[in-house]
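Two complexes follow with chain A in common, the first pairing it with chain B and the second with chain C.
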Partner chain A sequence: MKTQTETVTERSLPSFSISRHGLFIFLCLLPALLLVTVFIYYPLFKGVVMAFQSYSLFDLSNIEFIGLENFKTVMADSAFKESLINSFYWVFFSLLPQFLIGFIVALLLRRKFRGRGIYQAFIFFPWAMSGFLIGLIWRWMLNGQAGVINDLLIKLNIIDTAIPFLADPTWAMVSVIVANVWYGITFFAIMILAALQSIPDELYEAAKIDGANYIQQLFKVTIPYILPTLIVTTLLRVIWILNFPDLIYSLTNGGPAGSTHILSTFMLEKLIYGQNYGQAAAVGVILIFILLFFSIFYLLATKFNKAGDF
Partner chain B sequence: MLYLKKGFVIFVLVMTFLGIIAGCSSTTNKSVSKDGTIKLRMVESITSPARTKLLRGMLDKFEKENKKIKVELISPPLQSADDKINQMLMAKEDIDVLEVREQTVKNFSNNKFIVDLSPYTNKWENWNTLTETIKHGATAVDNKPYYIPYGVYEKTLFYRKDWFQEAGLEVPKTWDDLVNAAIKLTDPAKNRYGYSFRGGAGSPDYIEFMTWSYLGKKINPKDAYFTQDGKVIFDTPEAKQVLDTLVKLYKKASPPDSISWSYPEMVQGFTSGMTAMLIQDPEVIVTSEENMKKGTWATAPIPKGTPSGVAQQPAGTAGWGIGAFSKHKDAAWKLVSFLSSPEENLFFAKNNSLIPIHLSAGDDPYFKEGYFSSYIEMNAKPDEFLIADRPVEYKGYADYRAFAVKDIQSLLLGKMSEEQALAKWTDFWKKEKENKK
Partner chain C sequence: MARQINWQLLFKVVFLSLFLVFTVFPLYWIFITSLKPTKDMFSLPIHYSQETITFENYINIFKISNFDIYIMNSLILSIVAGFFSLIIATLSGYVLARFEFKGKTQVIFAFFITQMIPLFIGLAPLYLLMSKLQLLNKLPSLMLMYSVMMVPFCTVIMKGFFERIPSSLEEAAMIDGCSRMAALFKVIIPVMLPGIAATFIFAFVQCWNELFLAIMFIDKEEAKTIPVAMNSFITKFDIDWGAMSAATVLSVIPTLILFAFAQKYIVEGMTQGSVKG
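On to the complex of A and B.
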């Protein structure tokens, strides 16, 4: 037990002191903190350091700091510029349809109808699959000679000759985006549906009494109410779409001729085929900065603070 | 209470750190059990379920003969196996035996991941019965045996015997013959194409051996991306001929999708009856035997270049090496020498569709006749079918193989001209040569 004086002296210590309760909380958090440090922050730090080193698998005994050399080499590469532009197309044209269709699906699922549970399960199914697997499935479906999609289009008399979906640069980009849209709709549908279910029915009743039609209800009640969710899910999705290489990697591997490379698959290529960890890390650092600036800009532009707390 | 608190803090910290340390070093001192049994760890790279089973069977036999040694076989998925091995070695794990390949041996020896086996091979009775190609492969880096190959991967021509007979065509002997035959056999309406083209990962290998074939003896055998007079091989009229041939072959006689084809699609294209010709490694023999009717297909030596009149390709070898961080190197050698003995190797090569490593295998009817005979034929004419080494000693080789895939696709799509591609590769290799000096 502490005496009165001990307590007093403890209080008179400089302001940097942790209460017993605080210490207990800290100790409880410590294991998690250590794990996160070891498995997330250390690799992240190591990755950033690598970006400034001549880190190549060819000769690990000779690793030196080479300043911005990796960044210069990477940025001078025309394939990097192409990946950067592709990344923009990839994110924009994947996100927009995902969001719109996901929103519509969520609105449709909000109403109760028979078999909604089963229907919901079917809609949400793609989300449970790995992007790699989805890439492989689409790769066979889109196959120019033996693919089911070409076969169907020919049998329906829509086209005469098979479309080389994965062999033509433009079609290849369209193909990966279509696969990604198919994959990502579910994410928006789940998140938006959860937000929709939190809107109190009274609001709609009040709107109806005021004579608002469906469209007016949508824009005056539904969207303002779930705006924070919309902003956060869109932001998360942008980060994921840009970061995840799995779908493109297994579907086209960036080909043909780099026409479907985005920054993250370009990075993987540097790593797996080029075996140059330093340059791959440099691409990774650039990617982090792009996402960081985008996030700040996006949150400022959407006046996120005013949209309510989330 | 204050003391108790401190004690508690220390306790938690110690436990957490112990936990982390234990998690990181779970393999220490487990390799020898109480009764003196040694446990070896072996990692394979070119994995497949069938091969892993085969290898496990051989290891069981080894364990029966050596009661005091147990072998744990680690088989990462094929796609990422080499990365996995690299990571294990970078973490200094005590791997005893590992699969070393022509493409990885330089990395591994540079980084001191594997040991020089000459102390063992000097005393090994079977060293002298190895074929020249195998000895050459084993000692490719620094003239030291860093691994004992278990077989050779050399390319051969697979063709549809029935289609050729039907069309009254001769089996191609040169690349020009091949292109002509391929065009004649192509009929997109029937979904039939002349050639299983490789446009995806690995396509630079085809440029490589075709350019060597066209240049013939003009290349420097010790430094095969350069000619005898010091030019880059891509800085020659022959290299232009190669690209002309390839573009023609793709545009007129290959499935459009093959611009992104790599190993599985090429093989599938041939075995499923879409393409008439395929140039691939011997393991396709087993795949074709399983999937195609007997008599519909056959193998032949790879086509020759014009005007050189020779064919020239790398002899890809893969085999078993000993990890630098192994604690039981002698036991590991026991295992490597067991796997590399004439009997065991013949068994492995037969079941894995490979060219065996010992001279004695040439007498075996399985290799003398049948689908492997094209290899025996190529081996019998060393003046017409030459072997060249890949430039694995150059740091930029991996990088070149990565970007050349893209360049080849750009070329086929018409986004890059042949001259541009050749100039780019020439510049790259000139710089590589300068940097190496």
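On to the complex of A and C.
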């Protein structure tokens, strides 16, 4: 058996007909599709319907279809506007450093060196942690009284007096973004590193023969080759950054005074504390629309049409 | 000998070292904090290494809470959900890797979409669904949901692993008289065991970390998971940072060990499966 595998060099295409294997395919996919439909798509659909209903856990006897009322209420809320604007800051200023630093790290790790494996294990670990825990750790480090960040900055002579990181609205926003950058660099580094390793060495050799220096190689060979990865990775990251409220939830919980709320934490607050399912769902629907518009615009702008098949 | 500075190497060493410090420091800091006696927690100046090590914070969280129960709950939950999603994802990943059929793109797209939409919209309906199924405050509610949530991503990873194994391998086994299922389990699965282990670990870590579904579904002490318990440690005005740091360290250690073990394969699987240019 083993010798047979070794002689196979190319992947042979499946040559089975649908009719013969249709039942097998169906049975193998059934559990996955059934579960996903019942426990992801059905609640999602129900959630969208709720956005048009007066669905509050306090008043379950009074559920009616109320059209766009939830959307009107939510959009009139100044906290909504603030979290909408915050969402854009949050995504943009989190993404840019993540991308750049992640890219540089990946470039530096491309070539094998002694200890690379251990180094990778050390810098990749944020990925094994939850946003919730990361938020907690940073909340402790940014503590006003005994925070290590203030202490470090003072010792390095960068600041004179301690900064009230989590009490001041502007600094609070900076804080959640820094924590998020810490979290997300790993993702970019992993994805870009893997893409870099798929670039054939011949391309670089050819570029060298043509006299290209490092920067020229970067822009003429490296970036064009891994562009699809860069595009998809960025898209996924934007979506995840917007969708996952856990880091902000444990770091500032939207505070002080709503200054670090993004749409998903705002929605969560309506859901968990307000128990107003209708309004929470309305925020969710708005979020879906934003994501949809962004994704379409982004994919069109990058003229990239293969995202659909991963 | 002429002194020549290799700027590229210097940049590499300096950048990677600084980045290592940046990445590792927060974890180091929470670890050091967890070993501090309570009276030193807020004392100044701050010490960057801890001379008087105490385990009182660790002992405390077991005293003030049912941390042993939370650990058991998280452990059982993550193992069960990990296995369940792995089995389902193996079947669907195999089919998606090996066969061309009508609707294949749509199936992949349906999985892909689940990664892109805010699932919180479904949180309230899920709560109502679980209450109808009488699963609220019971671990099976989370076992079920975590399995489901992990299936799409695990399917994609498994698809990637299957695609790297030549299909002639199981064709040969089938010519030898195996059924397709027997070929899959006797021939293919053993070959890709490292990949399967990595996928399981990935799912395990995700389930171990999940917070919001657990907050929604679980309110009773005996069914709390570690994240839910830690969430309830956060009172509105104050956090017991000694207990919290010890809890953080305890909840991170298993995932870090598993992740260090599996990261190579996870990275491979992810890039094979999820982002192909």
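Definition applied: the second predicted complex is superposed on the first by the 279 of 310 C-alpha atoms of A that agree within 3 Å, B and C clash if a C-alpha of one lies under 4 Å from a C-alpha of the other, contacts with A are read in each partner's own complex, and residues count from 1 in each chain.
Please note the rule applied: a residue touches a chain if its C-beta (ideal position, glycine included) is under 8 Å from a C-beta of that chain, and two chains touch if they have at least 3 such contacts.
What you are looking at is a predicted structure, and each value in this text was computed from that prediction instead of being measured.
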Check your understanding: Here chain A is shared; do chain B and chain C fit on it together or clash?
Key -> clash
Review point. Given the touch rule stated above, what does A:Ile226 touch, chain B (first), chain C (second), both, or neither?
Key: second
Practice item. Examine A:Gln145 and indicate which partner it touches, taking first as chain B and second as chain C; both and neither are also allowed. Key: both
Check your understanding: Which partner does A:Pro169 contact after superposing on A: first (chain B), second (chain C), both, neither?
Key -> first
Practice item. Classify the contacts of A:Pro31 with the two partner chains as first (chain B alone), second (chain C alone), both, or neither. Key: both
Practice item. Identify the partner contact of A:Gly258: answer first if only chain B is touched, second if only chain C is, both if each is, neither if none is. Key: first
Review point. Residues of chain A touched: more by chain B or chain C?
Key: C
Check your understanding: Does chain B (first) or chain C (second) touch A:Leu44, or do both, or does neither?
Key -> second
Check your understanding: So, does A:Ile288 touch the first partner chain B, the second partner chain C, both, or neither?
Key -> second
Review point. After superposition on the shared chain, which partner residues are touched by A:Ile272: those of chain B (first), chain C (second), both, or neither?
Key: both
Practice item. Figure out whether A:Ile190 sits in contact with chain B (first) or chain C (second), or with both, or with neither. Key: second
Exercise for review: Select, from 127-135, 163-171, 199-207 or 253-261, the region of chain C that bumps into chain B once both structures are placed on the shared chain.
Suggested key: 127-135
Practice item. Go through chain A and flag every residue that touches chain B in one model and chain C in the other. Key: 1, 31, 143, 145-146, 272
Study note, to complete from the structure: Interface with chain C, chain A side, in the complex: residues 1, 4-5, 8, 11-12, 14, 16, 18, 21-22, 24-25, 28-29, 31-33, 35-36, 39-44, 46-48, 50-51, 55, 101, 104-105, 108-109, 117, 119-130, 132-134, 136-141, 143, 145-146, 148, 151, 182, 185-186, 190-191, 193-195, 198, 214, 225-229, 232-233, 236, 239, 242-243, 245-246, 249-250, 264, 267-268, 271-272, 277, 280-281, 284-285, 287-288, 291, 295, 306, 308-310
Exercise for review: Note which residues of chain B are touching chain A in the complex, please.
Suggested key: 1-2, 5, 8-9, 12-13, 16, 19-20, 83, 86, 90, 106-107, 110-112, 188, 191, 199-201, 255-260, 272, 274, 395, 398-399, 401-403, 405-407, 409-410, 412-413, 415-416
Review point. For chain A, which residues are in contact with chain B within the complex?
Key: 1-2, 20, 23, 27, 30-31, 34, 38, 56-61, 79, 143-146, 161, 164, 166-169, 252-258, 269-270, 272-276
Review point. In their shared complex, at which residues does chain C touch chain A?
Key: 8, 12, 15-16, 19-20, 22-24, 26-27, 29-30, 33, 41-46, 88-89, 91-92, 94-96, 98-102, 105, 107-112, 114-126, 129, 144-145, 147-149, 151-152, 155-156, 163, 166-169, 171-173, 180, 187, 205, 209-212, 215-216, 227, 230-231, 234, 239, 241, 244-245, 248, 251-252, 255-256, 258-260, 263-264, 267-268, 270-271, 273-277
